[in-house]
Amino acid sequence: MIEDDLRKQRIETPSWAYGNSGTRFKVFAQPGVPRDPYEKLADAAQVHRFTGIAPTVALHIPWDRVPDYADLARHARELGVGIGTINANVFQDDDYKLGSVTNPDPAVRRKAVEHLLECVDIMDAIGSDTLKLWFSDGTNYPGQDDIRARQDRLAEALGVVYERLGEGQRFLLEYKLFEPAFYMTDVPDWGTAYAHCVKLGPKAQVVVDTGHHAPGTNIEFIVAFLLREGKLGGFDFNSRFYADDDLMAGAADPFQLFRIMFEVVRGGGYTDEVAFMLDQSHNIEPKIAGQIRSVMNVQEATAKALLVDREALAAAQAEGDVLGANAVLMDAYATDVRPLLASLRTEMGVDPDPMAAYDRSGYFARICADRVGGAQAGWGA
Amino acid sequence: MIEDDLRKQRIETPSWAYGNSGTRFKVFAQPGVPRDPYEKLADAAQVHRFTGIAPTVALHIPWDRVPDYADLARHARELGVGIGTINANVFQDDDYKLGSVTNPDPAVRRKAVEHLLECVDIMDAIGSDTLKLWFSDGTNYPGQDDIRARQDRLAEALGVVYERLGEGQRFLLEYKLFEPAFYMTDVPDWGTAYAHCVKLGPKAQVVVDTGHHAPGTNIEFIVAFLLREGKLGGFDFNSRFYADDDLMAGAADPFQLFRIMFEVVRGGGYTDEVAFMLDQSHNIEPKIAGQIRSVMNVQEATAKALLVDREALAAAQAEGDVLGANAVLMDAYATDVRPLLASLRTEMGVDPDPMAAYDRSGYFARICADRVGGAQAGWGA
Amino acid sequence: MIEDDLRKQRIETPSWAYGNSGTRFKVFAQPGVPRDPYEKLADAAQVHRFTGIAPTVALHIPWDRVPDYADLARHARELGVGIGTINANVFQDDDYKLGSVTNPDPAVRRKAVEHLLECVDIMDAIGSDTLKLWFSDGTNYPGQDDIRARQDRLAEALGVVYERLGEGQRFLLEYKLFEPAFYMTDVPDWGTAYAHCVKLGPKAQVVVDTGHHAPGTNIEFIVAFLLREGKLGGFDFNSRFYADDDLMAGAADPFQLFRIMFEVVRGGGYTDEVAFMLDQSHNIEPKIAGQIRSVMNVQEATAKALLVDREALAAAQAEGDVLGANAVLMDAYATDVRPLLASLRTEMGVDPDPMAAYDRSGYFARICADRVGGAQAGWGA
Amino acid sequence: MIEDDLRKQRIETPSWAYGNSGTRFKVFAQPGVPRDPYEKLADAAQVHRFTGIAPTVALHIPWDRVPDYADLARHARELGVGIGTINANVFQDDDYKLGSVTNPDPAVRRKAVEHLLECVDIMDAIGSDTLKLWFSDGTNYPGQDDIRARQDRLAEALGVVYERLGEGQRFLLEYKLFEPAFYMTDVPDWGTAYAHCVKLGPKAQVVVDTGHHAPGTNIEFIVAFLLREGKLGGFDFNSRFYADDDLMAGAADPFQLFRIMFEVVRGGGYTDEVAFMLDQSHNIEPKIAGQIRSVMNVQEATAKALLVDREALAAAQAEGDVLGANAVLMDAYATDVRPLLASLRTEMGVDPDPMAAYDRSGYFARICADRVGGAQAGWGA
C-alpha cells in the first residue's frame, strides 16, 4: 500500500524560509514576517498543521540564535513540531570575505571552526542529531588562492568537527557549483563532498541540494550513486530554471523531482536515514503558503514514484524494451495523484486541500495584523 | 598606426562600481568607499588619471540622485572627467515586486515610466546623451503573468520614453537571460531587445552586457550582427564563469574579450557611436584598483584586436584555409601588448604601469583615512 | 469543448524518422527499416492510422528524391496521408565542408542555392506549400571565416529563394545553437532567423526546433514573442537533456512541452498557420512506435494546455496572485488526460490505446520479414 | 630553468586523429588520409619530427587491429616513435546498442569484457603500460534501465579487467557527461570514475578529457583534486565551445588550458605519471597540421604555466591580495612564449616554426599523391 509509505513521509521546513529573502538586487519585505525564531516556529507549525507531514524545522545559526535552546525546543513541542537539522553559517561575518575554513588566514579558520563546534553544542542542547555544513568558500579570480592548499584546510576543519560529533550525531556536507564564489568553489560537486566524507567515516554524509548543479547534470544519477555507497544523507529540495534559483520544489521541473524520488525509493533511501528538507526562498510569493505548496509538490512526486510498477519496469528493462520500460515510468508520472492524496489527508486528519484550508484559517491575516514593529527576520538577522 | 586608434579609446566607468556590492549572501563593506556621488566621481577620476582612457562616468538614478545635477557635472569637470550614461533603476522600489513597466498593475507601470522620464530630465540637466534601460522585470513561476501581455506593456512604455528623447539623445536597451527573475525575463535576449528597437527607430539601440547570456552563446556573433544592422549601441563589459558574475572584464575569458573587440573593429564599431562601458561588482577586491585593472584588460584586448593582420586574414579566409586563418587571429592574440601599451601611456602622459602608479599615489590610504562616518554607498543607496 | 480542438490537431511526421539514425559514434541499424521513400510513407501511414492526427509526412531532399514526385504523392494519398513540408539539405555534399549558402566560394554558394530552388520545384510538383530551411553553416575556429560577410551571403541566398516562392508558398527558417559547427553558427538563434525573415516579408517565417537552444533558454517566451510578431511558422518537436539530442518529444521535459503548447494556444497559434512537426532520431528505440509515442506526447501536452482555465488564470494574474496563478496552470498540468484522449480516439475511430493497437497489428513483424535486402534508409541515403 | 622542464614534455597523439572524422551529419573525407595503422604511425611520426615532443602514439582497438602487433611496434620504432596507450572500443558493435559492460544482457557484458581483456593482451604484445577505458554506456530515456544495477555491472567488469593488469600496467577510466547517451551516462563525471578507481586500487586512475564536462565546470579544480588524491592518470586534451566538440586543444579557451597546466605543475603532476594525450577530431582542417598546432598549443600553455612566479603568487595569496595574486598569474599568461619556444626548438634540433617547416616538407602533397585507392581510415574502420 503506497498510502502507508506516504503516511510516514517527513519533510523538514527551514526556519529561514519564513523570513524575508531576495536577490542581490532587492529583498522585497512581506507583511506578517516573523521577527524571531519563536515566530518562525509558529509559522512552520502551520505548514505541519495543514499538510501533516512537516513535523520538524531546521534552524540556522546565528539567524536563529536564542538565549535558551531548551526553551525554544519546548516552544516547538508545544506547537506540535520538533527541531531538526542545525545549519551552520560561516559566510556572513566580515572575516569570511576570503573564505571561512579554507581562508588563508589561520585565525579566520579557527574562528570558523569555533562556530561549527558551537553548532554541535547547540545540537546537544536542543536534541538535534544532524549538522548541515555549507561552505560558501571559494575564490573569484584565478590565482587568488591555492586550490589545493584550500582542500588541505578544508579537510583539517572537517576532521575537527567530525571528532566532536557525539553518539548518534552526523553531519551532512553540502556541495554547490558556484555562488557566492564565482571562479572556484571549494566544495563544488558531489564528488568532492563524497571524497571527504568517505575519508572521515560513517558520520559524514553528502546532502544533495537540487539547485546546486551545473546545467545538464543528471541529479537522480547522483542520488542512485550515493545511495549505493551509503553516503546519501539527505536533500535540500528546491527548484531552478537557471542557477540556484531556490524556487519552490517541483515548480520548475516536476518530472525531474519525480525521477529523483523514484531513485530514492528504488535505492532504499525512503527511510529516516535520508533527510528530506526544503531549502527555498519565497522572494515574491507568500512564505507559509509557499512552503505548503512545496511540501505538497514533494509529496505528489513521492506518490508517483511509489506508484511505479517496479516489477513491470524490471521486466521491460531486462528485455531491453526501451519504449516499454520508459512507458512504465511515464504511466506513473502521468497519473493524477491528487485524489489519492486528498483521501490520505482526510484519513490523517488534515484537510484534503491544504492550500484552501490554510487560506480559510485566517492565520495569514492574523500575523499581518499582529506582527507590527520589530525587525523582520531575513538572511542577515 | 594602432597607437592612434588606441589613443582615442574611451572607456566609461560606472559610479556604482566604487560603492559596496556583493551577493544575496553578503555584502562585504570595504574601507574608503564613497558616501555620495561626489566622492564616487573623485574615485572615477583616479581611474582616468592613471589610465588616460576613462574620461566619463555613468550615473545610476536614484543611487546618484543629487539636488543639483549641474553642480555635479561641474564637480566632474573640475576632476577632469565628464558624466556619461544615465542608468535608470526600476527594480528597487517595493512596488516593483511583480515588475515595473510590465507590471500587471497600471499604477505601477505609470510610476516606472515616470522614473524613466525623470531620467531624461536629468540627462537634459546634466548634458548626457544616453539613457541605459535595464528592466529586471520577469516572473518566477510559470503562469504567474501573461508573457505576451507583458510585451505589450513593455512596448507601450518604451514608446513613451522614446518620444520624450530630445535631439541627439538615445536610449540603449539592455537584455539579460535571468536574475532577478527566475522563470521568465521580459527582455531575455538580444533578439527581443533588437525587435523592440527596430520598431522604435534610430534613437533606440541594443546594449550588450557580456555577462547576460546563456551558456555557450557566441557573443561576438551578436556584436557582428548588431553592427551589421546598425543597432549596437554599446557594451557593459564584465566577465563571468557561470551566471552574471560581474567580475572584472577580461578576467574569466580574455580570449573571448579579444574576439568581441575584433568584431567591433572589423564591423566598424570602434567609434564614438558604440559606448564602451564597464559594469562590474568588485565584491572582494578593492574597487578603484579593480576598475583600473578592468580598463587595462579591455585596452589590451583592443590592442590585440587592432593588431590582427586583416589582409592576411581575408586572404586565408577566401582560400578556405582553416588553420591559416585561425593562425592569423591567434598570432595577434598571442602577442604581448604590454610593452606597446606602456610606451603609449608614457606618450599620453600617464604612468606606464597604472596599477603600480595608483598604489604609489597613496590615494587609497587617504580615502580610507578620510572617509570615516557617513553611510557608504552601495546598491541600496 | 477541448475535444473539438483536439480533433483538429495535425502533427506531421518526418520521413527520416523511419530510417536509421545515430550519433557520430555509431548508427545502430534496426530491422524492418524502409529502403525507399515509398516504404517510409507506408510507415508514416501507420502512425496516422493509429493516432488519427498525423496525416502528413515531411520529405527530405535528396534523401527522398524520386523520379516522379506526382507518383509519390499519389502513393501517399492511397495510404491515406499527404506530403507536407519539403526539407532542403545543403550539408552533406563534400562541397559544403566550409558552408553552403555562406561558403566563401561563390561556386559552392550557387550550387547550394540551386538545390534550394530545386526544392521549390519539387514543392510545385508535389503540391507542398512549405519549404524548411536549415543551414548547418558555420565555422569551427575563430577567424576561420568572416562572420559578417557570411551574413551578407546568407541574406543574398535567402532573397533569391524568397523571390522564387509561388503563390501560397512560404519558407520556414530554422535556427540552431551549434552542431555541426562548433565555434560559430550562421543562424544560431531565433533573433537571427527573425531579423532575416522580417526583412524578406510575410512568406518567410521562423521555425522553432525545441532542441536547438542554449541551456536555460525559455522556449515558450520565444513562442509567445514570435506569435505576437506574426512570425512563428511552426515547430520541430523533439526533446533533449543536453544538446540537440533529438529524443521523443515530451520525453525529457513534459512540463516544458506543456508550457510551449499553452503559449501556442494563448497566442492564437493553434491554427493551420503554425505547423506542428516532429523531428527526432529514434537511435535505439523502434521507429514507428517511437513516432506514435511522440505524437501522443504532443497530444497530451496539447490537451493539458487546452484545459487551462484561462479566465481564472487571467484573474489571478491581474491580482498579482503568484501562487494562485501558478496553481491554475499546474492544475491543468496535473490532470491525467489519458482517459479523455482515449475516448476521443474511440470517437474518431481509432483505437483508444495506439501503442497497444500498433503492437497487436503485426505491422512491425511484417516489415521485419518483408524488408530484407536492399539498402536501409538513413541520413546518408 | 623552464627550458629543462619543457624539453622533457611528452605529448601523445592519437592514431584516430589521422583518419577521417565528423559529426552525425557528415564525415568530410580528406585527401591523403591513411588507409591502415602503419600509415597512421607514419603521419604521427611527422608530428614528432616537427615538434620534437610527440614521441608516442595511442592506438584504438579495433580500429588499429593488425595481425602482428610486434611488427607494428617495430614499424613505429623505425619511424622514431613508440606505441602509447591502448584505447578499448566497446561502442561500435551492434550488440552494444543498450550498453557494453552495463548491458542488461549478461552475454553482451561478457563480450565487452572479453574485448577489454584482449586489449590487455595487446598491451603485453606491444609493450604498452596503459589501457584507456571509455564507456559510451548509458540510456536515452528515463526508466530504460536501472541506474544502480548498471553500476553494479560496471564495478564487476572493472574488477575483472583490473585483476588482469600485469606488473607496471594500469588503466585510466574516462568519464563523460553525455553523448552518445542522452539521458543517463554510466560514468558521467569525475566523482564516479574516482569512486570506482579508489575501490579498485592504485592501478586504476582517472583520465580527464577536457571536453567532457557540464557547462561551467572548473576543470582545473578537478585536476588539483585528483592530484591531491594521487588519482590523476592523464589527460585527453581537446577544446570545446559547446559540448564534446573535440576541437584542437587551446583553440576555444587558451586561458583555461593554461590554468589546467598550472594546476598540473603546482600539484606535482608534471611527471611521467600523468599522461598528456590529445583526443581530437579534425573534421574540417588537415589532420597532421592540426595535430602539430595542437601540440604547440599545449606546449605554449605549459610554458606559460611554468613561467608563473610561484613565490610571488604564494606571497600574494598569503596576504589575501586578490588583485596581486591574480596579477601574478595573468603576467605569466600575458607573456608571449613563442620566442622562447622557437629557441628551445632550435636547441632541440627541430625547426623553430613547426607549422611552416611541415608545410615546406612536402609531406602532405606526397601522401595526397601516394594514398590513392584503398579505404581511408575513420572511426568505423
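Labels for the chains are A, B, C and D, by order of writing; each one numbers its residues from 1.
Convention: a residue touches a chain if its C-beta (ideal position, glycine included) is under 8 Å from a C-beta of that chain, and two chains touch if they have at least 3 such contacts.
Keep in mind the model is a prediction, meaning the values are calculated, not measured.
Trainee: Please identify each chain that touches subunit B as well as subunit C.
Mentor: Chains that touch both subunit B and subunit C, as defined above, are A, D.
Trainee: Pick the pair with more C-beta contacts: C-D or A-D?
Mentor: It is A-D, judged by the count of C-beta pairs in contact.
Trainee: Same or different for subunit A and subunit B, when you check if over half of the residue numbers at their contact belong to both copies?
Mentor: same
Trainee: Would you kindly tell me how far, in whole Å, the mean C-alpha position of subunit D lies from that of subunit A?
Mentor: Subunit A and subunit D have C-alpha centres separated by 39 Å.
Trainee: Compute the distance, rounded to whole Å, between the mean C-alpha positions of subunit C and subunit D.
Mentor: 37
Trainee: Residues of subunit B touching 2+ other chains?
Mentor: Those would be 97-98, 140-142, 177-178, 183, 215-216, 218, 241-242, 251, 255, 284-285, 322-323, 326-327.
Trainee: In their complex, what parts of subunit D are in touch with subunit C?
Mentor: 21-26, 28-29, 91-92, 94, 96-98, 136, 140-142, 177-180, 182-183, 215, 240-243, 245, 247-248, 251-252, 283-285, 379
Trainee: Where on subunit C does subunit A make contact in their complex?
Mentor: 215-216, 218, 241-242, 251, 253-255, 284-286, 289-290, 293, 300, 322-323, 326-327, 333-336, 338, 355
Trainee: Given the complex with subunit C, which residues does subunit B contribute to the contact?
Mentor: 97-98, 104-105, 140-148, 151-152, 177-178, 183-185, 188-192, 194-195, 198, 213-218, 220-221, 224-225, 227-229, 255, 259, 263, 266-267, 313-314, 316-320, 322-323, 325-330
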